[in-house]
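The following blocks contain the structures, represented as structure tokens.
Two complexes follow with chain A in common, the first pairing it with chain B and the second with chain C.
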Partner chain A sequence: MYSLTRIYFLEAYFELVKTLRTPSFVLPSLLFPVMFYLFFGVLFSPPGASNTSAYLLATYCTFGVMGPALFSFGAEVAVEKDRNMLALKQISPMPIFAYFNAKFITSAVFALIIILSLFTVAATLADVRLSTQQWLATMAVLLFGTLPFCALGLWLGLTLKAQSAPAVVNLIYLPMSFLSGLWIPLQLFPEFLQKMAFALPPYHLAQLTLKVQGLDDGHHWFIHLGALVFITGFCSIFAYLAFAKQSEA
Partner chain B sequence: MSNTIEIQGVSKHYVDCKALDEVSFTIKAGGVTALLGENGAGKTTLFNLVLGRQHPSSGSLSLFGHAPGNNQVKHRIGAILQSANLAENLTVKEHLTLFSSYYLKHLPYDMISKTAMLEDIEHKQVRHLSGGQKQRLLFAMSICGDPDLIILDEPTVALDIASRKQFWQCIEQLKAQGKSIVLCTHYLEEADALADDIVILDKGKLLAETTPSELKGRMAEKHMRFQFKGSQQELENALETRLEPINDYFVVKTATPEKLLAQLYRKSFVVNDLTITQTSLEDAFLSTLNHASH
Partner chain C sequence: MPSNRAKIYVLVLVSLAIFVIALLPEPQVRTTPSFVLNNITLYDGATWHENAKLTIFEGKVINSEQAPKNLPTVDGKGQYVIPGLIDAHTHSWGQALEQNLTFGVTSVLDMFTDINFMRANQHSRQQTTLQARLFTAGTLVTSKEGHGTQFGIRIPTIENAIDADEFIAKRLQEGSDYIKIVYDAEPEKQQFGMRFTSISQDVLKAVVKATHIRNKLAVVHVMDEISALHAIESGADGLVHSFGNSIMSTELLSLLAQREVFVIPTNSVLASIGQQQRGRKLLQYSPLAYKVSSHGKSGLMSSFPPNVGNEEYWKNALENTRLMHRNGITVLAGTDAPNAGTTHGISLHDELAILVEAGMTPTDAIHSATGAVSDMFKLPHVGKLLPGFHADMIMLNEDPRIDIKHTQTIVKILLSGIEINEAELNDK
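Entry: the complex of A and B
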């Protein structure tokens, strides 16, 4: 039985199975955000400062959802491109968009697990109190917020060599997270670094997420959304060009 | 019946070299065609053009009357790419289930796993497979869409002899079903064992379109080899031919070894450890390449 729906489903299903069987992907992407949030957002935050815990919930969630998006696209695509796995799909009649869709679904599932873990820690251990709408809105913003990082990852994955991709992705992921104030609130940074953060995509996703609780820097929401849409488009165009170039092997 | 592959005046230029230069030939439906040539002869480039992964600089290719890369064509082709890898932690069965879903008419799973001899290892993940098993899985993936044309780019490279012979059995089965198979290989014995037709490329040019027996027939000579304790000069005079000393042996190349043997016995020369061998396809191939470069 041939159907496009079935191809999209199987592609996403096996991508997820494959990723779940890779401990070196699963453990860091799920454990790091939860551990970091436990340390910095719960244990070391001043007693009674549930505002700090709520603020850091948004930023560590942002940090968490970026990881699977950047790595499943960035590092994985680079490997699959260099080891001719992508070529094998390209010469088959499968619609290549199903391949990218599968990666997106996988990133989104991991993002969802990370968000729910941090929510659980926040609600039980850090006494963060949000309304139902706020929990749901936070989740929705973060899930859609993975898109720019999927696009950035894809561009990197299609451009980089397999051996160097994980290192380069880390070199972008970790400093960018820090400088966007995802680990330590931006208010504690020198002023020029605070200004620089405005140029970084994670800053805008964190601000949109914080806006749900009214804890953001006070810029208009459409500035952040606009920045994220712009980055998604920008990276998608370069990813498309890189894809066209690699298809002409 | 229309040709499976038609290649007309195809050239492919890169910035610094001509990978293919005015190559034309056709491959008819059914049978195994071996594509031979040294490294850099343009074999992989030709495959990439046929699979629609690259476009020719000039000339035209058609598969089943369509342009390469056309979706209709993709449903009718299967391929093993050079140094292709698979996701390490999916099982044999999972890979085949996924790949089969891509094709309009796909073969039943049991039939694919039987043809590729994968029945006992269907639940193994790829990282636990041997080199031969991996190649057979790639082979299974190339045939799961019940293709009319199968392209195999060095499918048995780095396999031991037993695995290679197993792989040949898989190809023989397809051949028996009347499929067209194009096989690129460095192993001349592989071409000899499997191919009906041979296409030889050399430095991007088509050198010959032939068959294994015709290619060998061009070298009708046989190699006669033996040990001889007496004088080489004396023997050469008696046989009226030249002897080539190789290690402890003398080698004579001749189309009529029977006559030489008769001479030897009539004149009572004592020779030891005598063997007569047919020219191998490898010898014939190398001599074809040599003729081309002179």
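Entry: the complex of A and C
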């Protein structure tokens, strides 16, 4: 009766319900991207420059989907680890992967809601027009694009202390977003910062998302995909090591 | 049971996603029409035809014998039909392409724009959207702190001839349709109250060569006789400015003719440098003045500071255009909009008027903004109303052969055969 899939399913469901009942998580992660896009993509966008709005739609979506991934893994895991919730999950008969899967599902659901609300704002208030394939492709790239940030978040969550985790995650999330050109197009940055962006994961996700509309910087898609796969792998290894270490304790 | 509720949640979420995606708007794609336009006086980009008909099939001109039978016919009695105009020297951003279209300028040759604008708008030249078709040099070729670097767009620059090959390969990879090079033989002298560095003639030669190897055109921005001579020696296909600081020498004129180098004098901006205030006059007298946006008006009203040029400068510039035409040099119409005193669209009609003042017949002037541009820049689909070309055209109420200002008596603008609805354009 209690099959493995059902365990995975229930764990994800309860994780999602728990998160939805946490306003300090829900409100910032859903409202900030929309609010920022309204300010920079709609209100301050120069009149008639409809592709600015389309460009910023891609970058603010990237900014939006990173948030839940980094926080549900980074901050939440740190807290649950320090409160011994993670240890409890580990000694329960549930496979521990169900716990991480639940976190991933939760951040994907949040990402989806963020993407859909930004799409709606862009289409209604900023006159962004894309073909159905482009809307779908943008959504797909962004949903898969949460993975590297889940991995990064997990590594941070397993390494950091509960008290410091939210602050550290923010200190990584916000400057990294800005320096990857998610808030203001990278072309407006000094050249050395433009070059530096290449080393930042959000830059690569934003470029892949922009590629759907042909507004990217013109590098090959496999460079960006490669960078994202590399980061996912890199962070996963360190997350695994951190997990192994904390399981011993 | 939570699992049932969970299933409902999953269902709701998925259907919400599908619902939102399905409702999201797509770009308007217009179906290109097919029809026969009868009873017109037609200029096809090369010659005039009285009592002509034009067969349009799916947005393109076709040979009437190959047309399917029973195409709808449109009576164009009393109308003069000429190809949509091409401005051979503009700088595009913001609403430039929409603004051009409002004035019957259905294609533009941009001579430097932000590559993001290029990427976003270049592809749409094959489709039918509410904008002029964009052909562009993309990023221009200039030296560090050279002309072109002062506009706040960060661009790569070139210093050494050895880098030319890689530099040009990069531009063409970005999507430049042709290469525009800025060259000044005497950068130590101030021009127009500003001082810029310039690439050397060696770099100019190397850049032209790298462009020609890749079968693209290299056009050069020069603003005086000596730089023009160097550009021609270096193999330039065209010059994108004339000048007014001296009268062209016979040496320059014969070299231009001999090497078949075309020139886009950009009289509109040279007139503005020479304090002619033609933009202001356009606003007063052009029947198209009512279409000029407030932004366009401020462009037309503005002028260069009086210390950069005077009446003399303009007289020389006009004389140079006259000399080039008389010596059989191909002169193309281009405005350099939106420089001071000009704006997109309406200024090209004034450029045609200037070309007639410089001694061209009205037909020559129209040719310089249609068929000649198509020939010189090797644009196979725009600038003519011959089989295979886009059905981009303007229909005029009065005969432009009698008075070039009649290009401003526009009744209809067609892009790929689709009548441009101005209300819709302005709404955008």
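We adopt the following convention: the second predicted complex is superposed on the first by the 249 of 249 C-alpha atoms of A that agree within 3 Å, B and C clash if a C-alpha of one lies under 4 Å from a C-alpha of the other, contacts with A are read in each partner's own complex, and residues count from 1 in each chain.
Basically, a residue touches a chain if its C-beta (ideal position, glycine included) is under 8 Å from a C-beta of that chain, and two chains touch if they have at least 3 such contacts.
Since we're looking at a predicted model, the values are computed, not measured.
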Chain B and chain C placed together on chain A: clash or fit? fit
Between chain B and chain C, the one with more contact residues on chain A is chain C
Answer with first, second, both or neither: which of chain B and chain C does A:Arg21 touch in the superposed model? first
With the two complexes superposed on chain A, say which partner A:Gln163 touches: chain B (first), chain C (second), both, or neither.
neither
**Message:** Output check: A:Arg6 vs chain B and chain C. Expected answer is one of first, second, both, neither. What do you get?
**Reply:** both
For this session: Check whether A:Ser247 is in contact with chain B, with chain C, with both or with neither, and answer first, second, both or neither.
Result: first
* Asked: Is A:Thr132 touching the first partner chain B, the second partner chain C, both, or neither of them?
  -> second
Q. Should A:Ala123 be classified as contacting the first partner (chain B), the second (chain C), both, or neither?
A. second
| message | I'd like to know which partner A:Gln90 touches here: chain B for first, chain C for second, both or neither. | response | first
Least Cα-Cα separation in the three-chain superposition, chain B to chain C, whole Å, stands at 9
Chain A positions within both the chain B interface and the chain C interface are 6, 10, 14
Interface with chain A, chain B side, in the complex: residues 48, 51-55, 71, 74-75, 77, 79, 81-87, 89-90, 94, 97-99, 101-106, 125, 141, 145
Listed in rising order, the residues of chain A that touch chain C in the complex are 6, 9-10, 13-14, 16, 46-49, 51, 54-55, 109, 112, 116, 119-120, 123, 129-132, 135-136, 139, 185, 187, 191, 214-215, 218
Touching chain B in the complex, chain A uses residues 2, 6-7, 10-11, 14, 17-18, 21-22, 80, 83-85, 87-88, 90-94, 247-249
Residue set of chain C touching chain A in the complex reads 2-3, 6, 9, 13, 16-17, 20-22, 24-28, 94-95, 98, 114, 116-117, 119-121, 123, 153-154, 173-174, 428
